[in-house]
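First subunit A sits with subunit B, and in the next complex the same chain sits with subunit C.
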Partner chain A sequence: MRRAVLTYLALGIGAILILAPYLMSVQTSVKTPRQFAQQPPLAPPRPPTGANYAELVVGGHTLIPPLVVTVQVVVVVVIGQLTCSVLAAYAFARLDFPGRDAIFWVYLATLMVPVAAVLVPRFVLLSETGLSNTFWGIVLPSMFGSPYAIFLLRQFFRAVPQELLDAARIDGAGHPGVLRHVILPLSRPILATLLIITAVTHWNDFLWPLVITSGARWQVLTVAVAGLQSQYQGNWTLVMAATTLATMPLLVLFVLFQKHIVRSITITGMK
Partner chain B sequence: MRRLFLILAALLLAAGCSIAGGDAKGRTTVTFRLWDEQVAKAYQQSFAAFEKAHPDIGVQVQVVPWADYWTKLPADVAAGTAADIFWTNTSNFGLYADNGQLLPVEFTGDWTTSVVDLYTRNGKLWGVPQLWDSIALYYNKDLVPDPPTLTWDPAAPDDALRATLRKLTVDSAGRHPGQSGFDPQKTRVYGFNAAFDLQAILWDFVGSNGGTWQSGDTFDFADRPKTVQAVQYVVDLINAEHVAPPAADTNTNGDKALQLFTQGRMALFQSGPYHLKSIQEAAGFQWGVAPLPNGPAGRVGVVHGVAAVASAKTRHRDATVEVLKWIGSADGQRPIAEGGYAFPGVTTAQPVFVDYWKKQGVDLQPFLDSAGGTTFPAPLGPRVGAGQTAYTPILQQVFLGRLGVAEGLRKAQDAGNEAMKG
Partner chain C sequence: MPSADAAPAPARASRRAGGRRPRASARSGTVGGSRRADTLAGYAFLAPSLVGVGGFLLLPVGIVAGISLFRWDLVSPARWTGPSNYQSILTDPAFGRSLAVTAFFVLLVIPLQTALGLAAALLLDQRLPGSTWFRAILVLPWISAPLALGVVWRWLFDPSDGAINQLLGHRVEWLTSPTLALPSVAAVTVWTNVGYVALFFLAGLAGIPPQYAEAARIDGAGPWQRLRRITLPLLRPTTFFVLATGVISSFQVFDTVYAMTRGGPAGRTEVVAYAIYREAFVDFRMGRAAAMSVVLFLLLITVTIAQQSWFRRRTTYEMG
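After this line comes the complex of A and B, so read on.
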């Protein structure tokens, strides 16, 4: 009994610590700039206002175009990454060709190179080919798989029992058939995990879209939200409403894939 | 599998032709980049008028967030993808001017002299003045009924400024600093916004004590006793007098002092016209603007200006110069003045801005006086931005009281000059 109380107490404190920042941003988002400036941050909004949200949806600071761009970026990157990573991981895990392991380890080593280090070379490369400030400029560098995804899938594919694959081969399946009828159905949880990780990473990606695009046309959500703040003008109520809106789709994604996420944590051991 | 490919192809197609069309009218498009999304709206109005008069030129306004402006600009300039015209401040334009990345301005206009001086380097003007700000003293009329005219003198321990600030600062029990039992942890109202704010606080005190910050393109603040004395004075207002919020609150949060002022928890707030709109929007009390405190070397304030510069790599030079001429004209800057955003760089557009605030019941004369009097130069030089980045953490330590003023300034100067050598 006492143990249960302590457990709940610890969990409760943890939950408060994690949720408080979000709750605070939500409550700030329903304040007017005047309320925000005059009262302490924890004072409840009285009366709450929807003006910030209205401004972001139908007003002068509409986030709809950046939202559409972001959704397109995420969809293209997720589909591209999943397709390419599955194919590459299958080759690394199940095909025999000379230099396989060497190529894999070199590719994996790129995980260790921080994004900031390749930012400028990548930017120069893409702008030389005329892709700066285009949709393809945003998605191309990340739509052909990532070392992390390939590593994760390779390890998973290697754990599939060889007997299953052999049985499929005896029944006349080629590599595409094996991949499609044996490996993929068995890999649903890991694919769901990857989908979520990739979607969240690219939904939140800020630095690359900021650098490669200029102007309103290809602005993604993160860049548009950052643009609400200026040197001397914090616009905090508007920014809080914008971040609340920007997190919403991720919450929906979480609810939809909740089971998979929990399972994926046990698979990958990641938090 | 085939269905998946079809969906994929459809999505790629849709992505390729996303919302919002390009400029299909066959016009030359000149891009213009700035960091302030509010002023961007004024520019858009201005360019609408310009496009009517020049049907063959379109201007595209890009807003890059201030926080990332100076990260993105070098990459764009290096790759040749910078906007045709972009905003810059004094700390950052020198490098581009010296490296031949900018077009010199070869026409003249009716511009504020001090801003023209800031952007003149090696005998040439590199930017068209857009906005400028000077520093004055905002005051809360509930706490300070009459416009304060204050003097300060670091040599006199009971100068008028310190005496006034002690009176204005109150803790939760109604006690003032200097009285027994005053608890700086429980300050209800602060007297002043002394903080590590170079433009609005530190340089103004340094100038008004007769000190300097820079000589030529090197920092010399640690070598000037007057400068050291002025910095000591400001740091003491925080850590010894307790009439200003602790540096731990203000060092990294530039909005803290503004919030305290709009909450009615700060009596005097020394700042520039860039805060007029925020205060107007937020303050629930009567407020006014007064002259800066008068120091041993008089009233000295920083005048800083933002200019629009043209990229030397622009692909349509003539159109770019046309746009530059427009935003250097009174008609081109009128929307900025009319919206009450900032003092316009064109002198003849200034009365429009002053009138806007007169209608709101605010007299901007102290800002004009501050700009017209003795001014303190804003930071200059090709690598002064790098120098400032190097000394900022050291000066923050000084304000926290973890480093002595003389020692800290020496370290900061060495680090800053080292970084400026590049």
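After this line comes the complex of A and C, so read on.
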């Protein structure tokens, strides 16, 4: 009994420490700059105002274009990365051809390449081909599959019983047919997991879009928020509304699919 | 990116299917198809990912090594300088400081987030009613954009307008003080990662058969002893995974630094990833930035290998 009380106490303190920054930023986002300037930072807004949000939705600092770009980026990267990773994983798991194992080891070795270290050469590669500050510049490096997704999918594809594949082959299915009608339906959980993790990663991505784009046309949400912060230093009410808008869609998604997302994180260990 | 051999669930799946490297895969393609057709199909299926892995991971490693031997500002033609960029950065006190800042950051973040994550997991593992909700709350920062969270914390730490100094009741220059800036950034990183680390320890704890702790209890072991002698040793593969991924990602921290300090004051929070960014995209010294990237790459490989051999001497675990 005493132990349960202590556990709840510790968990409660942890929960407050995690939630407080979110709640305080939301509270600041519904203040006017005047209220914010005249009262202490934690004073409740009287009355709350939606003016900052209006400014960021329909006003001069609208985040709608960056939101649209972000959604496009996430959709293209998720579809591209999943498709290419599934194809590669099928080849590694279910086909026998010369060079397969060597190539697989090369893929595994690339897991060691840190993103920060390939920032400069990726930028050079894409800007020399005229793709800097374009949509394709943002998505190309990640839309052709990720070695880690390939690795995970390969594990699952190998676990599919051989008899099922043989049966499909005898019925006349080619490799694409086997993949589509036998393997993919059995791999729904891992596919959902990769979908979630890839979407979250690219929704939150900042460094690459920051480097490869400039100006407003292809700004993603994170870059737009960073831009607002440096442009309006001290105008925290507007900036807090922007961070709230940028994090809100994923938080809503998280509340809806909490269990699945938590499991996805532990399965993939990805960020 | 996490190391390959610690992925928990799929490894189990493949074991269920009948052990390592099933011969089945050698048979699979030959039902109704020739070997040449299989080779063709294999490379056709691999083609898109070869573009991705070859073009955006392997080729860049070659390119970055190449660029590091030139002086280049992206505008005028690149000029061959040989290894002088390496001499220049390795004798540059700013880069030395950047490496030290990164090491200090990793040393602050890793022990704290691992210990707190483990503590949170042990609390959640008691499975009291409502645990799922606490677990969900702890994970929230992990799915929020680090950039956005960094901006929020930049406000919370603000000396005059921020919430933290109001709660404290006096003015502290968190992000402009040379001694407090890096610990503040590290604290935010720990705050972001604790829930994520806890999730892995929770999964690890779930895999420990309760009989072990029960047997130890019957033998008279107290809770602290059971934790030290039974739970922690059995959690070692999880601990390795959490440490390995944690070290690799905190070595590359960028978004939080960008939002909170931009490397300041006077370079006291300029971690290596930020130094590469500034060198390449603020000062346009591509050669030096490339040389720094190569150093970061070599450093991370060394750290990864060192960690692996250190843990391998103490643990055996299944390869995926």
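Observations on the structure shown:
Here is the rule we go by: the second predicted complex is superposed on the first by the 229 of 271 C-alpha atoms of A that agree within 3 Å, B and C clash if a C-alpha of one lies under 4 Å from a C-alpha of the other, contacts with A are read in each partner's own complex, and residues count from 1 in each chain.
One rule holds in what follows: contacts are C-beta pairs under 8 Å (C-beta built on N, C-alpha and C of every residue); 3 or more make two chains touch, one makes a residue touch a chain.
Predicted, not measured: the structure shown is a model, and the values here were computed from it.
When the two complexes are overlaid on subunit A, subunit B and subunit C occupy overlapping space and clash. Judged by the touch definition given at the top, the superposed model places A:226 against both subunit B and subunit C.
By the touch criterion stated above, A:38 is placed in contact with subunit B alone, subunit C being left untouched. Once the two structures are overlaid, the count of subunit A residues touched is higher for C than for its counterpart among subunit B and subunit C.
When the shared chain is aligned, subunit B comes close enough to touch A:217, but subunit C does not.
In the superposition on chain A, contact is made by A:190 with subunit C only, not with subunit B.
In the superposition on chain A, A:47 contacts neither subunit B nor subunit C.
In the superposed model, A:69 lies in contact with subunit B only, and not with subunit C. Contacts of A:124 after superposition on the shared chain: both subunit B and subunit C are touched.
Of the residues of subunit A, those at positions 36, 40, 83, 119-120, 123-124, 127, 210-211, 226, 229, 234 touch subunit B in one of the two structures and subunit C in the other.
Partner subunit C is touched in their complex by these residues of subunit A: 3-4, 7-8, 10-11, 14-15, 17-19, 21-22, 24-25, 28, 36, 40-42, 83-85, 87-88, 90-98, 100, 103, 106-108, 110-125, 127, 140-148, 150-152, 155-156, 158-162, 165-166, 169-170, 175, 190, 200, 203-204, 206-207, 210-211, 221-222, 225-226, 229, 234, 236, 239-240, 242-243, 246-247, 250-251, 254-255, 258-259, 261-262, 265-271.
Of all residues in subunit B, only 1, 8, 11-12, 14-16, 18-20, 22, 31, 33, 35-38, 41, 60-68, 71-72, 75-76, 78-81, 83, 254-255, 259, 262-264, 274-275, 277-278, 281-284 touch subunit A in the complex they form.
In the complex of the two chains, the subunit C residues touching subunit A come out as 1-4, 6-11, 13-14, 16-17, 22, 24-33, 35, 38-39, 41-43, 45-46, 48-53, 55-64, 67, 74, 119-120, 123-124, 126, 128, 130-132, 134-149, 151-156, 158, 161-163, 166-167, 191, 194-196, 199-200, 202-203, 241, 245, 248-249, 251-252, 254-255, 258-259, 272-273, 276-277, 280-281, 286, 289-290, 293-294, 296-297, 300-301, 304, 320.
Remark: subunit A residues 33-34, 36-40, 60-61, 65, 68-69, 72-73, 75-76, 79, 83, 119-120, 123-124, 127-128, 132-133, 135-136, 139, 180, 210-211, 214-218, 223, 226-234 touch subunit B in the complex.
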